[in-house]
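Before I ask anything, let me first share the structure, which is written out below as structure tokens.
Letters A, B, C and D mark the chains as written, and numbering starts fresh at 1 in each.
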Amino acid sequence: MQLGMIGLGRMGGNIVRRLMANGHECVVYDQSIAQVGALAEHGAIGTSSLEALVGELATPRAIWVMLPAGTVTEEVVQHLGALLDPGDILIDGGNSFWKDDVRRAKELAEKGIRYVDVGTSGGVWGKDRGYCMMIGGTKDAVQHLDPILATLAPGIGTIERTRRPAGADPRPEQGYLHCGPSGSGHFVKMVHNGIEYGLMQAFAEGFDIMRHADSPLLPEEHRFSLDLPDIAEVWRRGSVVSSWLLDLTAMALAEDPALDGFEGSVADSGEGRWTINAAIEEAVPADVLSAALYVRFRSRQQNTFAEKLLSAMRHKFGGHVETPKD
Amino acid sequence: MQLGMIGLGRMGGNIVRRLMANGHECVVYDQSIAQVGALAEHGAIGTSSLEALVGELATPRAIWVMLPAGTVTEEVVQHLGALLDPGDILIDGGNSFWKDDVRRAKELAEKGIRYVDVGTSGGVWGKDRGYCMMIGGTKDAVQHLDPILATLAPGIGTIERTRRPAGADPRPEQGYLHCGPSGSGHFVKMVHNGIEYGLMQAFAEGFDIMRHADSPLLPEEHRFSLDLPDIAEVWRRGSVVSSWLLDLTAMALAEDPALDGFEGSVADSGEGRWTINAAIEEAVPADVLSAALYVRFRSRQQNTFAEKLLSAMRHKFGGHVETPKD
Amino acid sequence: MQLGMIGLGRMGGNIVRRLMANGHECVVYDQSIAQVGALAEHGAIGTSSLEALVGELATPRAIWVMLPAGTVTEEVVQHLGALLDPGDILIDGGNSFWKDDVRRAKELAEKGIRYVDVGTSGGVWGKDRGYCMMIGGTKDAVQHLDPILATLAPGIGTIERTRRPAGADPRPEQGYLHCGPSGSGHFVKMVHNGIEYGLMQAFAEGFDIMRHADSPLLPEEHRFSLDLPDIAEVWRRGSVVSSWLLDLTAMALAEDPALDGFEGSVADSGEGRWTINAAIEEAVPADVLSAALYVRFRSRQQNTFAEKLLSAMRHKFGGHVETPKD
Amino acid sequence: MQLGMIGLGRMGGNIVRRLMANGHECVVYDQSIAQVGALAEHGAIGTSSLEALVGELATPRAIWVMLPAGTVTEEVVQHLGALLDPGDILIDGGNSFWKDDVRRAKELAEKGIRYVDVGTSGGVWGKDRGYCMMIGGTKDAVQHLDPILATLAPGIGTIERTRRPAGADPRPEQGYLHCGPSGSGHFVKMVHNGIEYGLMQAFAEGFDIMRHADSPLLPEEHRFSLDLPDIAEVWRRGSVVSSWLLDLTAMALAEDPALDGFEGSVADSGEGRWTINAAIEEAVPADVLSAALYVRFRSRQQNTFAEKLLSAMRHKFGGHVETPKD
């Protein structure tokens, strides 16, 4: 089917590539003419303004906005709200705050525009592996987008299937889920990222403890000099902690066992903070997720080995560069 | 090769089965005659005492003790110490405290007996999937046991290979690792379990937040009724949090979406506590791992949904039964 | 001077009594006629509506609103905004969210009304001990209220004086502080309460550890049966942890050493949650304050001894009743 | 009465001074001849060896060891064990690990020597304010030492009395407590220090949040520039958080509002770590006390304002110098 894409950075550009490689038609816009040109060479229809992009699309239009959360996304959504027609679908695939989705969906619904929020996980690996998508919006809008979503999702792959009840929604097995009304997609994505912080921190602390197993604070007969790359590798097979984050850890350690290339100053995007805010609003204790967030706050003023590992994992799965040492 | 096995419970029995299925010869002992008989029927050589077991084995003997950590294991190790000959290998495959390993190895070395500690992960799935093993002991002892270890390990399987430096130890890729001298195997296994607590708790908190997304504490327009089984399922494909613990979570939720079958009173074995003790000895901050431990202490006096999920995951991966509701 | 008081509950009523006992004139209103009557008997001028109260006061009026934070306070503030004249002062002495103060101050300033937020600590003891007050507003408004504030504050008392720089503001020594513009009073009060949670939890955990010093989990030679009331008492003299919360703890334990009269289901008002939100907005790690908050969330589903102690302390300092056992 | 004192550092020397000022006779020893001489000038009987000190004392002897916990104390206790007679009392007033007390008491009891452990709080202020003492040992030994203990304790002072049951032990009101058998004194002192860490951290986080109330991360209308010295001062009167640690905070901030003189690298003695170990042994959750400990571990690799405040408080109450900036 046809999709308009606004924002052709790492995520938006790769989504377009994956879609076109599977026969979809993409109309694209970015404030960088170079980015538009690059995709036009690969078959996308390039445009030079939001108005032009809207003009190129057949109704009901489907437009995916893939921009940094916050002011930029808000402005584009507001602008599109003025350009679109009833029945059109406006997708925010970035990392917007879910309460903004709730508000926008309500505002746009007054004009008959259907707003869909898509939390997208997969990072730089997504173009090839596919994107795990958590989607909020009305049933009809999400249904309309199904060809796009099915293409972007990883698909059932070789992963062992869960024994699910008869009649279960088949989409989660493909890697995308209609979570509920607008906002719920980004809400689930937010919690996903909150969990991610916790998982990363659990690994980081454990490896920190192992790295200091030869600490002079210990009596000599209780010191061990452990090979962290080999430990990460061995846990990948048959252990309870096997996971994608461990795979990435093993890669990072194999390349740089002491993680000398990382400072350990760990950024945090909004999702970790919003997750804690949500926990507090619901009166749900979230000790681990909070501690993981605070370590990041703290790390930006210092560097432990644990934090270096966090940086290394983020670099691996998202290409984030956190002040490499030199 | 030939191995003596003491302790034929869930773990010991399955290890023997996996070894015999791959052509190894097992001499077995358990204080339960029935357990000995059951394995004898499948080809093991049954014995009725430690002395008899020792008598059946060719020197240098290799004996694997697979008993509950603590007094029972200690007594058997001491008893065997009196029976074995120089050059024999005594393996503790249970969850012993690593400082006990250090002490035992030193004591037994005085008699020429080689002590090897093996931290074993894999739970009830190990017989088929193989066991991830973390091994402490001398190079020659571990080398001698290689045929056994290679059989028990999961093998390289279909898991994508990490790009490791030339000359890297091939064993971690097979799922077993010689970590260092005696005690280091159980040390690494201990940290593995500490991390496991943290990973489980991160998932548990996240799902708890999602379960309460329809809390009456929230304004009505901000409430969502989320389908947790579908969320666990969708995250299994392409997301950053994909992991074996998530696979188990998806199974548990598919069967019992509200986890009504679980009380949420979560046991803890020694490893979580020892991990914190190690962190403190090394002066390494371990906020997440500690918080995860404390939630378990706390849960034994109460039940949140998060804790129910911890129980559900433990039930899935280890068959642990934690006071099911009815 | 003359003050209007709206809300004659425990806090508002006692403030009026303390003011009248020191020669100030109070015009009072409450939706309960009985409460108005009770204070009128002691010399207050009773009124039966906000309009009547406003009518009784000389300009520039000073009106103190002492109502539950949230909708009730908001409505009264809005209503008064319509009734008051330029130059009048509207005081919110409750536990309002500081961002509401910022907004209200701005709205009211457009009409020339001066808004002052006063965070008030002291609980049921305040009538006699005086109230510690943290004040936000313009310099002229706060200066105008000084006679009232000086009367309500505890005064310098017998507490040893801090060596402060020459020219330091004398008011903090008296127990009241002009913190800054509107909102800053409640902001400082909010953090005060956040700290309070942390202090309470530190004591609660310590006493919990001592209560379990005779736990059967310990080897017999390491068990102690400790007298908690005596320990609380001895720490009141010369120790580093001496504090008002410890005084209250000693009282509670002297009356009920096992705290059998408490369930341990601990409420939390908004300040603890807002403190964490503020920490997150500022990217300041707040591990201890968060943990203290989460214990309360958790406690409402269960009861440890530590939580019983929290309840006991809250009962002592604020008269809060948290589901006493019988 | 007569007391032997071994170790004439800040604590031991001041204890001797306070005792002599109140008519007790002190026989003193220190490996520094200068320290012995200094006290001899003020009336103490100086000695030049443990043997000489033992020789100067009338039986049953009472000897107070006030040395750094660990090897030094252990050696002196062992040495004295060989020199003393049945009925003599050996006091460890340092910060020994309570399990060492249990062991020593048992060993010495075999020779008829009475071992008493005294946890002593009060720091550099103790000489004048008196020491809060937590005592473990047999009833007869503690009774025998009562004249010494009563002199060292702060006494009932001007602190408001708790309403205690008739027949309550009068000693806690004086500032000393017989906690139970040997080891219990240091156990209670250990928990005291654990709590102290938690209290300090609660204040530290709160002040950190207030210091960052003008963070550029906040929208401009929500920023406040707060006067921390004044806030600490105002809370000292009438607020729930009033405490000795707050008094010290107010002093520190009055002298150096930005705490520029502190690095924020915060040491920890054993008690905080042992408290967590005890909590884990008892399966008691200790989130706040653990977090407070971990912040110190963390701080020794970096400096936040919160940690600077911890340093400042420790400097104030204990004279500890933690790498002042320059």
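Brief remarks on what is shown
In this section, contacts are C-beta pairs under 8 Å (C-beta built on N, C-alpha and C of every residue); 3 or more make two chains touch, one makes a residue touch a chain.
Note that this is a predicted model, so its numbers are computed, not measured.
Between the contact lists of chain A and chain D, the overlap consists of B, C. With centres defined by CA atoms alone, the chain at the far end from chain C is B. A repeat of the B-D interface exists among A-C, A-B or C-D. It is A-C, with more than half of its contact pairs matching by residue number. Centroids built from CA atoms put chain C at 43 Å from chain A. Inter-chain spacing, taken between the CA centroids of chain C and chain D, is 32 Å. Residue numbers of chain A whose C-beta contacts span two or more other chains: 283-287, 291, 294-295, 298, 304. Against chain A, the residues of chain C that register as touching in their complex are 273, 276-277, 280, 283-287, 290-291, 293-295, 297-298, 300. Looking at the complex, you find that chain B touches chain A at residues 99, 102, 106, 121-123, 126, 129-134, 153-160, 162-165, 168-169, 171-177, 179-181, 183-184, 187-188, 191-199, 201-203, 205-206, 208-210, 212-213, 215, 217-218, 221-222, 224-227, 229-231, 233-247, 250-251, 254-255, 275, 278-279, 281-289, 291-292, 294-295, 304, 306, 317.
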